[in-house]
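Take a look at these structures.
Note that chain A is present in both complexes that follow, paired respectively with chain B and with chain C.
Let's turn to the complex of A and B:
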């Protein structure tokens, strides 16, 4: 039992070392997924799609990297919409936030769960860096294996009540 | 009318929306394919692929205070070092044949740089980490490149100048000073304008290291000169689908333990190695999903040695059996140069669903440009013999290869490969490979691999004629291996991996010169088997822990696992002290080494070394400053001296320090 407890303590010390390539792939792919939401217009304000990258103190560097990748790739335009990426410190997250979609690096922080609930309740896509965060109800993630997989969280897809264009379900993999 | 108009507008809007959605889907699929390809190219997804690979990246190595490619390789499980003539260090994989070079291949930016003469690449081992982006080490004969015959292992170095992951190219300057008057400086440059990309690196390093040695074959004991002057220039250019890459290097070093395993009384002795390679290639799409590549390459190497191989007042017996006294000792010199041209045509086919096929042909032509050995017994006043160093060379080599990675489903992939080597002076060789990877889920991955491979004897082993110490046998066969490997990877989270490998190697016709006449010949078959375990994780605050253990049993000579450690363990830890400072430590344990049959010396002692580094990074100016202490506890440790050469083994470096600075632009 002691060994198990020690192991648990040890496991709790794990943290994520963010993978630059995975961040780049997500920066390129996730915005396009936003466009595949059939009801996107209901979450767009002033013809602007806004992606909120939620970070905590430890994640600011990665958040900035993600934003830089997205900004340099999309240059403020996504499809027929204007596009902006906002970095939001999770401690400053407001329940009135009206971003079109959210991105989380790590959902273990209790404040982040608030963001996920907000996204879920307002039918907004919530991406996560790590598909393991599906346990905390994020909706979409991406993983590099022998191929690149877009994972969609099958346990909450109905709760989010977001309808993607049908072909997206052939590309993404329910997990 | 209005209703019809509105209906038409709605219909058109719907059509346009569908069109744009189709284009988004297409872009999405292209992105998915693009990142799959990058991940495969840079081995990011290698845990899910049919290879046993360890990857080291420059960022991590810099934090560990690792200086050179050689030092980085010492972190890989199952990799040990041996020392050959003139002190040339040679990585040994899984205990396999430590008595010759060339059982492992070094591939720099996709170009094999082993020479024909020795099969060696040791001249590249001092390459500084500062110009390297990533090192991928494959244990076993399954190379990551379809056209390369690895035997015991292969090392792929991707330089910053040839970074292919689409990441930001680096511009940096670096400098290092340390013990033994070690001084090194260099830069990495990159330039991009529209479709034109130019990258290059350059470094110069020197040190005047010497290590105590003896007693040699003549009873002499003094310091072995291991000084080094080394510079290299790397270049990479790309314009659209056309590329050029090359590397030009020169090494001048002391003769260390001597060409004939005797210490030299002449401090002006040297070994010069100049080599360069250049490859020009063009990639183009024949059809969607069928990419062709044509390349031509040039490799040359020039070696020049001056070495007093027997001391004053020694004596020898001539080939006629006449005893001879040598009042001025005996000098051996050679001047050798080889040139290789190669041409390659390769197809990569991804248009067949779930297949990734690589097929091609490589043709190479080799010639000797210089091939002279000189012997002097009158203090270089004249030469008693001027002969050819080699009596022949390997004139031509054609490799046909095909390799198909088949993703049967999301869980299972297999790889089928075949290489056919048509060698102008040896039998045609067939090298099949079969690998299976089963991804039980994203966290549990099982692999099984079978590879048959061979190693062509080096020119030294096959055609040596005019050397002083070594000889070659009139008939020699290629070395062959049948390798069976199995691997289990447990991914505990995105940054925590636990990996176990077991292997069984059936080696045939192993070559060594461990006999009374120092003649390279096939000395029989043997078997090696063992395991490797690796654990890597990122702890809280981005601290990193890595530990590996390797064990090998069996034999690499007739009855013994000689000159190679049975047990090895390596560990490193990077502690992020604060935003600017990283502290790191490397511990390496290398177990006891047995001797070859007939060598009555005690086994080579095991040893444990510890390195410690402090790295200061100042992000606003992209400045890095580090200080490292190598072999912190000044552990005296040895690498084995071949039987019948030195009485004691080769003592290695004691405690040393390094101070390093780099600035990225």
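Let's turn to the complex of A and C:
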């Protein structure tokens, strides 16, 4: 019991301040938003939608949690596609990456900007944990308050050139 | 039922039209409005559902339950939404129950998955119809207000109409109170263009009416002056009688009016005429005819009448007008003319009419029909029965003869004429004549207790010239030839025959004048002893050249020329004179039916019997006995003669008329078997059988038989062997002048 308590304290000391509930919510909603892309087929390889969760060494745990949530919820199937979540260390991110969408915990990391740029250039949806990172040109984020808010970065939406089903724009809040 | 005024009618019509139009408009508008508004309300509700559906679908897709909740609540906040229920995948996602609104619209809208577009659930939306109902109530209220307003319009309209039509009512009142002679004044009537036209029209009409009335009055005057005019109501009661009617009927107007029209009906008028009259009038047709009416004093007058039914605008007869012209004078003249061409007894047209009618045909067919022995009927039964016979015969023939194509005439005594015109051919005409003769032959005349048959002979001609003469010639020849019917043929034979008749008449008259009519006798011998027992007296004429002429040649001429009875009397006188001088000799004289029924001849005979007192030697020999049974008086005549001592013989028995029963009533003494039976009796089986039958019959009755025409020895022998009592014939003695008998008897004695 003591060991468990010490472990929790350790974890709380070394872990970032990521809201587990929010991650859960994002794990539930973000894959569905991928499907709202009207041109999803052009970004799908072998009928597989792949979501790349970009993390740095401090975010791995959350990234794993996110992946676990998604996997447990979608069990490798998203709509009519196969669905896989890949955890990619930002340092290992390659410009040749062909994931369908990207998820970033903290975009302030300079390496992550490369990912955002890659997503932007390749018309890939780029989710961010925090909508405040929209300044870094991520596209979609989700925030829990009295209700669930989906934010869409209006300043870059045209740059991403991604066409969502129209009603999505009614649900999402432009930021 | 009281008639409603035109004003009311127009107002009602206006109200009806207006109400109908409004009602129609109301219902059309109501239905359209209701449909449109309801649709609009439904569209609103659907629009709301359509608006929230993608959001709900997307929110559900994204798992944003709170977003669904938010949208739903936001939706429910709409005051028109009474309820909202969102069911996705059979899960009640949101439910806001009904707000107890009375009238609301429920719509259901499908929620689709934003990715797959498959139905994942339903939005059930309750939409309040408050606006709709409010709008409707507003419309209703406005319409009711308009209707209320309209009712005032109607009332005003009614008053205006009444006001506008009031001149018409006044005109109507004026016209209604108008009667001929009064003045129609429209000056007090408000002048409008239309009313002015109407009053002008009435004035013009009135002017025309006056003209027509004046004319009608003149016509009436002319009619009243020239004809007998009366009017009756539909049941025939007189309602009008003009002066002429009063004058001719001798009734006063007061007596006529109110009386049934049959007050002047004459009893001679047949009910059939009046039946036809009423039938015609009831069919609303004009009846025309001649009527015989009776004046008040009972005398008759004739009128040519035209009766016209007068009916009202509904076609119902309201009266009859009878216009009659007095034709009494014409009828009397006509009767006079008719009398001139009509035979008085039979009522048939007479010879005058016949001659007229013959002229009217190109090819007349004429038959002269003579009732045989009619002069005997008339003489024997008397004038009344003779006329009765003619009447009955005429009546019977009228029924038989078609009065259109074939006409019947009554000509001289016992003669009828039958005339057919161009449309009847000669064969058909001859058939008709044969049929007429047959009917006469079958006809029995009944008179008092008597009844007798008649027969007739006809002479036919098809010539237009001397038609009646030619038919008469044919008739005479038919009689002479003992034919029933003969058609005149323009040949020398007939002319010669006629000339011959004339010649014989002259010769007969001359013979009488010159005393060349003589009596011959022929012996009748006892068959057993061949001794002459009796004589038959025969008549002969001595010709101018001294030749002896048989009565065969002149007897018929004598009958026709009315010399016959003189001839009979001559024979009676001579016979009685001679035989009174020859005692014990029986003699017989032949008497025909014409003799028997000729009272003068019979009285002459009775006188002679009484005068000479030789009745016991006198035998009355009845010749030509055919038809004798029709004269019951002959029985009493015979009885009278027999009571005087005379005997009776029947000549020619066996071949001609042989009414045994009747002859027995005559109580005959002799039967003279007909010569034709005796002539060949020696070798003719039939003659033998008949003669024997007669003989048996005579013997059973105790009658004596005489066989005449014994012309040879063989016949004499045979008749002797048969047992006939007496024989007569040339073989036993030829006829000789009666004067010779005296000298012969003197010599014998």
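The definition used in the following text is that the second predicted complex is superposed on the first by the 159 of 175 C-alpha atoms of A that agree within 3 Å, B and C clash if a C-alpha of one lies under 4 Å from a C-alpha of the other, contacts with A are read in each partner's own complex, and residues count from 1 in each chain.
Quick note on the criterion: a contact is a pair of C-beta atoms (placed from the backbone, for glycine too) under 8 Å apart; a residue touches a chain by one contact, two chains touch by 3 or more.
Predicted model only: the values in this text are computed from it and were never measured.
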Q: Mind checking the superposed model to see whether chain B and chain C fit together on chain A or clash?
A: clash
(Q) After superposing on the shared chain, does chain C or chain B touch more chain A residues? (A) B
**Q.** Contacts of A:45 with chain B and chain C, given as first, second, both or neither
**A.** neither
Q) Can A:174 be said to touch chain B (first), chain C (second), both, or neither? A) neither
Q. In the superposed arrangement, does A:28 touch chain B (first), chain C (second), both or neither?
A. both
(Q) Contacts for A:20 in the overlay, against chain B (first) and chain C (second): which applies, first, second, both or neither? (A) first
Q: Clash-wise, after the superposition, say which stretch of chain C runs into chain B: 57-65, 129-137, 327-335 or 471-479.
A: 57-65
Q | Doubly contacted chain A residues - partners chain C and chain B | A | 28-29, 32-33, 35-36, 79, 146-148, 150, 165, 167-168, 171
Q | Contacting residues of chain C [partner chain A, same complex] | A | 54-55, 57-59, 61-64, 66-67, 70, 114-116
Q: Enumerate the contact residues on chain B facing chain A in the complex.
A: 20-21, 24-25, 27-29, 31-36, 38-40, 42, 44-45, 48-49, 165-167, 407, 410, 413, 437, 439, 442, 492-496, 537-542, 544
Q | Residues on chain A engaged by chain C in the complex (per definition of touch) | A | 28-29, 32-33, 35-36, 79, 146-148, 150, 165-168, 170-171
Q: Please give the residue numbers of chain A that touch chain B in the complex, ascending.
A: 11, 13-17, 19-21, 24-25, 28-29, 32-33, 35-36, 58, 79-80, 130-132, 143-148, 150, 165, 167-168, 171, 173
